[in-house]
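Okay, so chain A shows up in both of these, paired with chain B first and chain C after.
Our next item is the complex of A and B:
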């Protein structure tokens, strides 16, 4: 087990490094550069380029960047917030994104659960059909369309919620209200995925032999469902939760833009569109690291929850 | 009594006694080919698909949208790039429907009451509500009025069926032209990704061992790059034409198909007929594509159908972030992004593209659900 984890972490670092190299050269090869604005005088541009070492050959810059990285120095922002420490910039915005993400998960999980279980228990009834329709609609309407429609109807027309995200430092009613619409926009897709998955899985489990046995030995339907069916249907859900976390994270890049939320998603967009090299790199590394880490936790979690899964098994297990 | 029973069965199966004939005792029936035409795998799947009403309806809607995407831009007198800056942001107006009170080119404006007689005299229809707002300490009387925007902007005989955008371009024409481009890009991306995925997955699984291990590591690395930043960088580097956007969608889009085909190949590559072919010296390429692939293709078709809405969504998401196809062309995503910017003053510019993209997504999802059930009845939920 320990050997497996070390192996995985080493592999993860290797993957991260390969992506780092690829992204670095891709970012640098984007035409323009941070100071391509024609209104900047050539002399000024030369000074600026020298200050950020942009006049050196690209592999020199890369080595310097790696050297900085080795003691967790991600460099300074060039364009978005000149001279600001990239690490601090991300540290200031990341909590906002995570906060929204966790809130969305708090909405997604219980609602998705209830809908999925309801649909499975009342399979082929009117309840099931209406939940099925809702699921297809939620999966089909893109999150940014939903975000815009929610913003138009509930914020602009009805005035129930603020149009943009409140930037108040501490949690208050106004801030909470301003979070409702973004959280909803981020949640619909996840709700649909969980509900659809749980319905399919649970209705299969309900027809299995051990459910028949449970009923035969005298458990009521409720007891049998809660003690036997749910436990079996729930375990693959652990994987979905992490998947949803990642999906919401990338979905928030767009939703943050619609509601003017100061999170990392909006920051990455600003960084990319202004060729702010260090900031782009740091953002890509952040998202990649989260993705890789989530996958590791997921694999380990499977081994812990389900004894049938052996962690670190044969390479060509099929 | 038993005869009655037989009649009941026959009735239930829509048959009669005349459909049956006696057979001689010595006659061998086993190896005779039945007279009825054989129903192959695809015919059978299509029959099952045809029974799924939601999928068939969705298919009809997609065909309808595709039809309009082809002929829609020619149905009125505007072109997709013709600007009439004076006639900007006009609401929808359709002949005949306008008499029913919908799509009649009117809009509700909140204006200063004093200005009704001067600025809005031409198109003024009626006042809905009067109220005061405070500005600089003074009470300013305001009014919500219904205005015929077409009269107001001097476009009496003009009909923008779905309204016009910020530059006075016709939304009807642009929307269908956009749908055409969105669909074309999605299908191109789906085709390329399916092709790459099938070849990659087939090679990876067929040769197995170290080849497989290496190819799986490559997938792992590509799959763990965060997609959106990568797409954005790619498009900034290579420009925003149809080809770069489709290629960008091909960076990671094939991974799902590759994994699927790989697991399918692992299932079939050990079968006797594969061994037989290999023993007889059939070349690898032929074994992969002629012997194994046709058996493994069922789930791949479903996977392809599922990925169509995903690519439509991905393309419109990119367009929405300002990385769509270049003006004056427009995809549905570009129209959505333009509509978002004027959401509060001209909601129709977001609404109609949103309806089209949601319909497309919905229908493709239902179609792929129907295909899944048709090709893999065992999995039906």
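Our next item is the complex of A and C:
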């Protein structure tokens, strides 16, 4: 088990490094640069480029960047917030993004579960068909379109919710209200995925032989569903929770812009569109690290919840 | 109309059985009272293609302590009939008519909740594939005792002892340890033993076995069959044994019902079906069984054609189209159940007094003669 985790962490670091190298050179190869603005005088541009070592060959820059990284120096922002420490910028914004992400997961999971279970139990009924239609709409329409629609209808036209996100430091009613629409916009896709998936999985399990045996033993339909069907249908879902977390994270890049939310999503977009190299790199590293780490936790969790899975190929089985 | 005839004949005969039971001494089962009686059961399924009439008027009685085998090919309605008895038909199934009497009540009139009080504790069932019929993520001991615990018959702390006792009864060693294992840690035969333990936990009176050995390999098959008949004797169970394997039936059944196209075409004691088959379908099934005594020159008999499409059940005798001895009336009118003895009935017009005499295929006749002389010697 310990050996397995060590192996996994080493592999994670390797993966992270490969992604780092690829992103670094990809970002730098984008035409233009932070100071490509034609209104900047060439002399000024030269000074600025020298200031940020952009005049050096790219491999020199890369080595310097690595040197910085080795003592956790992610560099300073070039364009978005010049001279500001990238790490501090992200640290200030990340909690906002995570807060929204977790809130939408809190919406996605129960709503998705209920819809999925309902659709499976009432398969081929009007309930099932309506849920299916909803699922197709939510999956096909991207979250930023839904975000704009929600904002237009419920904030601009009806005025039920604020148009933009409240930046109040502490939670209050206004801030809570301003979170409703972004959280909803981020949740629809995940709800649809969970509902569709759980419906298929559960209706397969409901038709399985072990459900028949459970019923033959005398369990009522409700007991059999709760004790036998749900647990089996929920296993594969654990894997999806990670996917949903990541999807919401990437969805928030655009949704944060629609609602002017000061999170890492908005920061990433600003960094990318202004070629702020260190900021882009730091964001990519953050998102990649979260993804890899979540994957590891998930694989370890499978070993705990599913008796058939032995983490690390140990000899748990008889 | 045909069904009514069947019913009257069955009814008449039930009463005669009760009256004349002192005269028979070879067949013990006829004397027993029936514990379960199915009357004119119809089951149909609504599908996209139309209504499939899977079971079309099945009637039988299960007597105390007997093993009734229901034999038939895939799609003959044997499994569907048994699932109807358990109240476990799928959602698209409907039962347009029929009665299933158990313990003074008609099971078909019960709500699902009332039915679940009978399932497991009065009538229990085991299934074809032990690889699929256990919950893969629940400890086997828990699966065995689950219902006892839920119904409050035992306390949680007594569950292990109870499960161990049941596991020992079905031949699982080291039960205290294996209680905590999961199905994937057991072999196919062992899993079927656990399924049987699950079915027995509620101490049912009737056990329905739906092809319990089909998914097992031959040596394990024999063990499971032995176990079932052993348990039946010890617990005085009444067993409905569903199979398509006549070889399996020969060893364990007291009576055999042969099903074809959703109907019972012949029913009788084991000896009557094997030594005196009357319905052409039974005769052909028996003749199609290979035999150790056959030499290479004999050709194995096969039944031509395929079973009818139950979306459009044929008029008359469903087997007529595949029967070279079919009479004209077989295509026109459903044959009633003709009594042959007090225990033996067959639904074929060939048993009508005016019908021509039926000769058994020579190879089958030879085999029957041989078996008869052997049993006399033995």
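As a working rule, the second predicted complex is superposed on the first by the 309 of 318 C-alpha atoms of A that agree within 3 Å, B and C clash if a C-alpha of one lies under 4 Å from a C-alpha of the other, contacts with A are read in each partner's own complex, and residues count from 1 in each chain.
Assume contacts are C-beta pairs under 8 Å (C-beta built on N, C-alpha and C of every residue); 3 or more make two chains touch, one makes a residue touch a chain.
As the structure is a computational prediction, the values presented were derived from the model and not from experiment.
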Which of chain B and chain C A:199 touches, first, second, both or neither: first
Touching partner for A:149 - first (chain B), second (chain C), both, neither: first
First (chain B), second (chain C), both or neither touched by A:136: first
Partner chain(s) touched by A:17 [first = chain B, second = chain C, both, neither]: neither
Chain B versus chain C as contact partner of A:268, first or second or both or neither: first
First (chain B), second (chain C), both or neither touched by A:160: neither
First, second, both or neither for A:27, with chain B first and chain C second: first
Touched partner set for A:223, first chain B, second chain C, both or neither: second
Greater chain A contact set [chain C / chain B]: B
Overlap of chain C and chain B interfaces on chain A (superposed complexes): 318
Touch list for chain A against partner chain B, complex: 15, 18-19, 22-23, 26-27, 29-31, 136-137, 139-142, 144-145, 148-149, 151-152, 156, 199-200, 203-204, 250, 253-254, 257-258, 268-269, 272-273, 280, 283-284, 287-288, 291-292, 295, 315-316, 318
Chain C contact footprint on chain A (complex, rising order): 207-210, 212-221, 223, 227-228, 231-232, 235, 306-308, 317-318
Complex contact set, residues of chain B against chain A: 208-209, 212-213, 220-221, 224-230, 232-234, 236-237, 263, 266, 309, 313, 316-317, 320-322, 336, 339-340, 343-344, 347, 350, 354, 357-358, 361-362, 365-366, 369, 381
Chain A contact footprint on chain C (complex, rising order): 86, 88, 90, 112-113, 116-121, 124-129, 132-138, 146-147, 150-151, 181-182, 184-185, 195, 198-199, 201-202
